[in-house]
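Take a look at these structures.
Shared between the two complexes below is chain A, which has chain B as its partner in the first and chain C in the second.
Up next is the complex of A and B:
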């Protein structure tokens, strides 16, 4: 199962990003292979609709779970529709590695 | 031919509405009855509150065109979604999922051009209402009221301005506060802009931003200092140094503020207030003629 963890940078040492649509990077963690890869969020600085775009990308990537600080209404609508689990984590001091270790 | 004034201010709460309704009243009484007040603050129109004897003459719902995507015809090429500056269209090919978010759509029409297979058709979306009132003062008042949740202020203001008829000699556009798109939309059709400010650091700071905007738009303008006696002298030094016309001053008066709160500023106008507005109207005429030439303006 693939999980997106919102990240402030593109390595596992980067801190967790509390924002979903406007996260700098998405860390895609694959539980089966215990591997992670990072993709840049192209819509992080969009004037509007960043959450919609993030949700669209999440669906297209075949991700089933997203861990972020919060989810806006437009993103939530799409994620809910595709049965993607939203996990809210209010912790901006953890690194991506810390979070991966928790869900392994 | 009509002459259009916009009443604007960078900072909110400086007295645009007070000035706009008073100008309408005094121009109607002393200059020409063919004056129309237009409340362009479509997010919170409140000019009407000051007219006791108003009567709704006409109300009309206004719409913009938004895309509707036919799922049967769509080939999920995503061109419309890529063309959309506002991220209003979500297309997920793997899930054959199509969604148009009306709240993000700016009705720019780009998606209609993007779609080469005719899967997008025009559909109407309500952005609010246009209302016309008679007020016993001049040619009355028109206003736009934005639908709650809609972000189409500029479209509504543009459509509201289309309702202004040519029988009006003087048109007063009461602008929204700030310096963003709705203000630009309001001011774009004005022949002259009346800026209302207050002599506080906030007032001066925001006034300078509005003036930079008006200079870029090449609009002539003058300034009314409302609530004078508050704050400091910075505003006067700035106006003098920049050779900007000071159209008048309205002293800060707590009693007047409470009349405003009760909505009664137009019901019993004292002589002092009357002469102050007549003086502003005189200065306004001088400032306009300075810009337009003596033969190009009459009330």
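Up next is the complex of A and C:
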């Protein structure tokens, strides 16, 4: 199962990003292979619709779970429709590595 | 007999218990009670920039009802600012979005998509889960 964790940077030492649509990077963690890769969020600075774009990208990547700090109404609607689990963490002191270690 | 109020769907409760003013003159102890659904209406319209139609749908209420709740929220906030009053978040007539749960141990909130049967905290794996 693949999980997206929103990240402020592109390594596992980067801090968790509380924003979803406007997160700097998406860390895609694969539980089966215990591996992670990072993709840049191209829409982080978009004028509007960043949440929708992020949700669409999440669906395209075949991710089943997203861990972030907040989900806007539009993003929620899409993720809900595609049965993707949303996990809300209000923790801006954890690194991506910390979170991976918890969920693996 | 008072009319039964239909519950209003709220995505999540506000993250604050209260806002307290720092007054220049002598403080008054009165406070304004802001309902969860009023907070939600204000958030959807003015923070998420949704139009009233979509916001009403999300809260599972009619557009006029949404407009009324939104108006009440604005008036309360304005009154609190002008009269230097504390704003307290109170439950009101809110119900929470279905399929959302909270871990009672680590407080993580999460949605439970249909078809996913195992109900456990995705972060700390605890089974002590409360419905929101």
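In the analysis below, the second predicted complex is superposed on the first by the 104 of 104 C-alpha atoms of A that agree within 3 Å, B and C clash if a C-alpha of one lies under 4 Å from a C-alpha of the other, contacts with A are read in each partner's own complex, and residues count from 1 in each chain.
Heads up, the rule we're going with is that contacts are C-beta pairs under 8 Å (C-beta built on N, C-alpha and C of every residue); 3 or more make two chains touch, one makes a residue touch a chain.
Given the structure is predicted, the values throughout are model-derived calculations rather than measurements.
A.B. asks: One more residue to check, A:84. First (chain B), second (chain C), both or neither?
C.D. replies: A:84 sits against chain C, while chain B stays out of touch.
A.B. asks: Look at A:46 in the shared chain and tell me whether it touches chain B only, chain C only, both, or neither; answer first, second, both or neither.
C.D. replies: In the superposition, A:46 touches chain B alone.
A.B. asks: Which holds for A:59: it touches chain B only (first), chain C only (second), both, or neither?
C.D. replies: first
A.B. asks: Just chain B (first), just chain C (second), both, or neither: which does A:103 touch?
C.D. replies: A:103: touches chain C, not chain B.
A.B. asks: Given the touch rule stated above, what does A:72 touch, chain B (first), chain C (second), both, or neither?
C.D. replies: second
A.B. asks: What residues on chain A does chain C touch that chain B touches too?
C.D. replies: 48
A.B. asks: What part of chain A is in contact with chain C in the complex they form?
C.D. replies: Interface residues on chain A, with respect to chain C: 48, 65, 67, 72-73, 76, 79-80, 83-90, 99, 102-103.
A.B. asks: What does chain C use to touch chain A in their complex?
C.D. replies: Those in contact with chain A are residues 11-12, 15, 44, 48-50, 54-55, 58, 99, 107-116, 122-124.
A.B. asks: For the complex, which residues does chain A have touching chain B?
C.D. replies: On the chain A side, the touching residues are 43, 46-50, 52-53, 55-56, 59-60, 74, 78, 81-82.
A.B. asks: Can you list the residues on chain B that touch chain A in the complex?
C.D. replies: 85-88, 90-95, 97, 99, 101, 104
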